[in-house]
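Right, one structure below, let's go through it.
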Amino acid sequence: MVQDFFLLMRSELMLILIIFGLLFLKLGNARLKNETVMNMVNAVLIATLAMGFLVKDTGMIFGNMFHTTDLIRLEKNILTLGTLIISLQSYQWLKAHKHAMEFYLLLISTLLGMFFMLSSANLLMFYLGLELSTIPLAAMVNFDLHKKQSSEAAFKMIVSSAFSSALLLFGISWMYGIVGSVSYSAIAAAVTGSPLEIFAFVMILAGFGFKISAVPFHLWTADVYEGAPIPVTSYLSVISKGAILFVFITVLYSVFRSMGDTWYYMLYILSVATMLIGNLFAMRQQNMKRFLAFSSIAQVGFILLGISGQSVASSTSLIFFVLIYIFSNLAAFGVVSLVSSAYDKEKVDDYKGFYQTNPLLAWTLAIALFSLAGIPPTAGFFGKFFLILAGAAKGNWLLITIAALNMIISLYYYQRVVKAMFMDHNAAPLEKINTPLSPKIALIICIAGILITGLYSGAYEYIYQLVS
Amino acid sequence: MGAGSLIALAIAAVAFSSIALLVAKLVTKATKNKQKGEAYECGVPSKGPNWIQFNVGYYLFALVFLIFDVELVFLFPWAVVVKSVGWIALVEIVVFFFILFLGLLYAHKKGALKWK
Amino acid sequence: MFSLEDITQSVHNWLYETMNPTLALMVEFAIIGVLVIALFAFLGLVLVMMERKVSSWMQLRLGPNRIGPWGWFQTVADTLKLIVKEGMTPNNVDRLLFNLAPILVIIVSMVIMAPLMFAKGFQIWDINIGVLFVSAVSSLSVIGILMAGWASNNKYSLLGAMRSGAQIVSYELSAGLSMLTIVVLTGSLKVSDIIQAQETGWWLFKGHIPAIIAFVIFIIAATAETNRAPFDMAEAESELTAGFHTEYSGMKFALFFLAEYVNIFVVCAIGATLFLGGWMPFHVGNWEQFNHIMDYIPTPIWFFGKTFFLIFVIMWFRWTFPRLRIDQLLNLEWKYLLPISIVNILLVTVIALAGWHF
Amino acid sequence: MNLNWLIVLPVVSALAILPFSQLKQVRSIAAIGATLQLLLSCVLLYVFMQDPASGMSGSLAFESSYAWYKPLHIYHSVGVDGISIAMIMLTAIVVLAGVLISWNMEKMSREFFFLLMLLSAGAYGYFISTDVFTMFFFLELAVVPKFLLIGIWGSGKKEYSATKLVLMLMGASALVFIGLSGLYFNNASGNLSFNMSELAANPLSVEQQKFFFPFAFIGFGVFTALFPFHTWVPDGHSSAPTAASMFLAGISMKLGGYGILRVATTIMPEAAHYYSPYIIVLSAIAILYGSFATMMQTDLKYINAYSSVSHTGFVLFGIGMLTKTAIAGAVIQMVSHGLMTALFFAVIGMVYERTHTRMVDKMGGLLKSIPFISTVFMIAGLTSLGLPGFSGFVAEMMVFIGSWENGGTLHRVATIAATASIVVTAVYILRAIGKVIMGPVEHEAYFEFKDARWNEKSAAIILVAAILVIGITPFLINHLITPGTEAIMNKLVANP
Amino acid sequence: MVPVSHILLLSTALFFIGMYGLFTRRNMIALLMSIELMLNSININFVAFNKYLWPGQLDGIFFTIFIITIAAAEAAIAIAIVINLYRSHLSIDVNDAAELKH
């Protein structure tokens, strides 16, 4: 029992260790440099990552509320990796920040929440994890305390997340009324697809829709992404979204499996709307963060398309895509973050002639954007291709055509940034940016990930083997 | 008696207070006076908006209170069953309080509990 | 042993025999309402008088002594005066909230009576979460106070209300925690169970040191929650005129005043129930004779006796301690009482689990 | 022989370029890489021709297969037949010529040669793939380098052209993708598969073919300037730097034709029959429209670009006719046009470098000042015109003869109309040659010009030699591609 | 005993009143209150289902307790943000918080 507890919850315990360690340091009047703190946290994160891969085990504890499988462990590792990258990238921003420790406290708390969410085998556990991962995020969005935008974004974030939680809970409460239990297995066994269940499911779906910012539940996304500090934005767009998607797929595939035909059409509509609106709005954005926000909405559309395939390949592709998406989006945000912290410039036009002064960063951003657009040989190509292929298994060719056309629209706005960097003339391009070591490492990890994950199929096959 | 008694009590309270107010209204004689409607500030004419911005410290306390009050939500069910559950309940509540206590310490450290 | 249980039971039976259930229930409710209102009136008169008398004794003076024997009818006269005074509403107030606030306060203090056990078998509703109910409903009164302060459109009122709000919510924590120590010992939230568990001795004595600590904390918190001196920051007359009810006059003021005294009674009644055994007579070990004599004293007298003793203690405080500054007040709660309560509840858990209490 | 060397070699040379930044180092590495590619292709050709067992039997040679994404049944499988080898040779020649032409690319030379090598890797990979997924991968791989090459090193309205090109080509790949996934899910074997021979052996039902054929055909067709989607060609070609133009027109446009042959017609033969009239009409329009549009142009690059629309129209035209000779003609036209247009763009680049203009009106009498370049210019023009002895003649001749074999009324009418375009071609080619090469010398400064340097000369010589080889000994290439075309024909005949 | 349908009607009405408030009110505190309304309607749902339909398990009650706690935490953070916002905007009207518009 105790052994199980330590073995199954080792990732969570590591994070708790970080949280308490930081708290004690803070309480114990430790006068540490921010860099020291960051290095310590990074080291522990690396240890967590390594531990996640070490022992394979599955099991349930806490009265079947918390379960771990190799797949869940892998999902956790993916999120840890992403968090590590973000932590490395936030160096520039946190270096002189007054509240670096608090930032890490909140960051790790949200990650812990996600871990619990992933491991939940029960809607109560899921809800707790979800809230643990969103409430500190709102505080993180407000982390630039003196900036108006930051507070505004935080307020939008917390109101919309609370609203979506309310929707989700309303659905869950009805589900509980129908089934009499909130455990996944009991619900899965009892669901038949009656109208009341569909009502409850729609509510749950709407809640999820908010969290993953699918159209028409996306209205908060762009504002929050723009207002938040960049590391937080990247965290929001990648890690938190990825975690919710992982759970979403579990909920859809194992809890509401028997309602598959019903939710296929819902996902169909959501997916089309999300792709179209996300893309169309992304085209007219001038601010890099907003632009990436809308592009991430569009990405969700593709993900929903992949999920609608309802097969092993769908889950695999989703997890694979999230992994790739972490690399690609974080590479993009990494560069944006460097530029923003050096010159406080976030407009697309500011990137004109960027290549002349910062060739390496320009290439990094370009590769990241190409990966987001899904162009070979970057991993994004594989990720997107497999997602659409998974969706195509249903034989809905209209949907696939819409998706394919949306890829072109998305390519248009991604290449717009590349064009600004490489082709447009600018009399006074941004000066050379000095990249400190840790963001450099983060970018190298990202680029390596982008280039390797796709061409080398090991990751996909590993995930596939775990899923099936 | 059941939950109905609460409603009965509430109705009694409303009846009591409204009758009292009504009686008072009936037996008193209202007089008009220009100064009477002014806010009472010890005879000095009131200056500026009265819905003033008050010390932010109140908010801080309200926030800290909110968290600690909610902790009581968990403590009540716990307190009822603690004897039947046994020592593990103590362990769990120690963990719970430990975390809360750290929160309190943190608030103290940050000066949230200092009246400014 | 004299008991009110028989009376209530026979009234209940008679009602249900003579009329249909709905009507009977209604009549019962009416009786309850009348009784509670009567209690209110009684408490209002007695407590105000008591306050004045206690104050005067403490200050070596006579206190009210003109109306009636030893001035006993002074409060009646005061009440009459309040009735005939004009209850005015100032010009710039939020009328709805302003008039609602006193009623709300009265509702709260009346509803909170429900789980109180005035005597053996004499209780309005033996709600199974009695203690939780009390602490939940009592925190509603702060809404009335804030409402009054906000609606008054007066700087003093607002400041007083804010102070009183901060103070009440702060001390609620340690009050709740000290109440919980008894719940841990008893294992039930039901008032009747708690009293029953004290048949062999009051928790104050049975519960060892933690119960005593909890009792002390409870009394302090109760004093603070009712805005009594030395915690009367909210209506510190020398700086804030009259705090949140500065703008109230006539009957509306009287309602606030009444609610305040009723609240004192309620918290003391809770204290008496939890720590001093409610209506349980005072028993000492195996002194059978003594215990027997004690049993002859009617249970309502025990209950009211204990309650009024606690009320007296609280009134005593008023003339013993100087008023605290707001920072001292909050410091006391957050830096001393709350940590002590938390440690105390752990201590009491250990005692309860190890069976070290009697 | 392991065909993967054809992918590895350019990738390695591309990576080898990265550490260096000096033009001299970079260009020599690129040149060595391109030369090795050409040598490797020649070796491949030699081995293929020598190997009677696999070489000339019509089945694929040098096949090998690696499991790539095993759960999805995606394999990296390669194999070649004559058609592929012809395309590989074309690629190798054009790449070498392109590298030589860009010998003095001062601006961001490292990136330029890197992208060029990457582009060639994409082209090789595409031509050797026998798995449609990897084929698609390489098809898209070749798009982004084009975008950057045009956008960064181009001239004129380069950003617009680059954007247009990348969007149209990616849109085309999206359509291709839908067609491919249709094949993947619906093939008769019931297994999910991307393998070409498996797909060809287990074709889709006719209804499904009819549904998916347009996706694949139009998708690939956009690469080959299919009529309403040809608009990227003039802009892209004219804005691109010389080497990129050579590559675009010489190789990139052939990707589409090759894809149509390999995927659309071989795997979906019934649908090919069904859609044949539409293909014919569209390509005939492209041929005529292209040639008439060329007549309006005065910019040399635009002349070549529009004439490319017309010439690649012949490729689709030949494929659409569905006869053996026409298909063989289409393949030869692909090779011939690749070489010819690359030569043309190269020579336009040389002229422009000297005169700093591409306007036909502003030049004249170049033969007197730069005879070598002018001669090459003339050869390119005459090949384009279809003069016997050059490759253009062989290709167009075969397409026309093959077309006549198809007896349908529509096909006949279209053939006659297409033939008429030759006259128009003659008009604009001769006019351009007459004005630019012949006639009086426009400026005194022309006599200051230096004739072609060694790199330009060698690039031109390689291309001219290849053109002449095809033009004079057409049976060689015919021999090479016949098994491949026969295999396609067998499919088409077996599934009317 | 009150039938369960009445309670569910009440809770559903509360939920949608809360939602309406969320969409129409412009005061930030009012928004938060609307959300609390929604959450409380969910609590009613859970408790009612637990008491009437599934008295055997305590899942609904547990859920309620946790929702209450988390709602409080959420409100705490939200109010902290509102205070911070008030300091910079000197208003808690949603319409005045319009820095982030495209």
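Each chain carries a letter (A, B, C, D and E) given by its place in the written order, and its residues are counted from 1.
Just so we're on the same page, a residue touches a chain if its C-beta (ideal position, glycine included) is under 8 Å from a C-beta of that chain, and two chains touch if they have at least 3 such contacts.
In this text the structure is predicted, and so the values were computed from the model without any measurement.
Undergrad: Spelling it out: a chain qualifies if it touches subunit A and also touches subunit C; which chains qualify?
TA: Looking at subunit C and subunit A together, the chains touching each of them are B.
Undergrad: Please work out which of B-E and A-D is bridged by more C-beta pairs in contact, and write that pair.
TA: Between the chain pairs B-E and A-D, A-D carries more contacts.
Undergrad: Would you kindly say which chain has the C-alpha centre located farthest from the C-alpha centre of subunit B?
TA: D
Undergrad: Please name the chain that ends up farthest from subunit C once chain centres are defined by their CA atoms averaged.
TA: Measuring from the centre of subunit C, the most distant chain centre belongs to D.
Undergrad: Average the C-alpha coordinates of each chain, average all protein C-alpha coordinates together, and give the chain whose average is closest to the overall one.
TA: Answer by centroid distance: A.
Undergrad: Between subunit C and subunit D, what is the separation of their C-alpha centroids in Å?
TA: 95
Undergrad: Using mean CA coordinates as chain centres, what's the subunit A-subunit B distance in Å?
TA: 40
Undergrad: Measuring centre to centre with CA averages, how many angstrom lie between subunit D and subunit E?
TA: One centre to the other, that is 64 Å.
Undergrad: Between subunit B and subunit D, what is the gap in Å from one C-alpha centre to the other?
TA: For subunit B versus subunit D, the centre distance works out to 81 Å.
Undergrad: Note the residues in subunit C that touch 2 or more other chains, in rising order.
TA: none
Undergrad: Where in subunit E do residues touch two or more of the other chains?
TA: Subunit E, residues with two or more chain partners: 73, 80.
Undergrad: Could you check subunit D for residues that touch two or more other chains and list them?
TA: Touching at least two other chains: none.
Undergrad: Output every touching chain pair, sorted by label.
TA: Applying the touch rule to all chain pairs gives A-B, A-D, A-E, B-C, B-E.
Undergrad: For subunit B, which residues count as touching subunit C in their complex?
TA: Residues of subunit B touching subunit C: 1-6, 8-18, 20-21, 23-25, 27-31, 36-42, 46, 50-52, 54-55, 58, 61-62, 64-65, 68-69, 72, 75-76, 79-84, 86-87, 89-90, 93-94, 97, 100-101, 104, 108, 113-115.
Undergrad: Which residues of subunit C touch subunit B in the complex?
TA: Touching subunit B from subunit C are residues 25, 28-30, 32-34, 36-37, 40, 82-88, 90-92, 102-103, 106-107, 109-111, 113-114, 124-125, 129, 131-132, 135, 150, 152-156, 158-159, 162, 165-166, 169-170, 172-173, 176-177, 180, 183-184, 187-189, 241, 246-247, 250-252, 254-255, 326-327, 330-331, 334-335, 338-339, 342, 345-346, 349-350, 352-353.
Undergrad: Flag every residue of subunit D that touches subunit A in the complex, lowest number first.
TA: 68-72, 74, 137-138, 140-141, 143-144, 147-148, 151-152, 158-159, 162-163, 166-167, 170-171, 174-175, 177-178, 181-182, 184-185, 211
Undergrad: Once bound in the complex, which stretches of subunit A touch subunit D?
TA: 312-313, 316, 370, 375-377, 381-382, 385-386, 388-389, 392-393, 395, 397, 400-401, 404-405, 407-408, 411-412, 415, 418-419, 422-424, 457, 460-461, 464, 468
Undergrad: If you look only at subunit E, which of its residues touch subunit B in the complex?
TA: 65, 68-69, 72-73, 75-76, 79-80, 83
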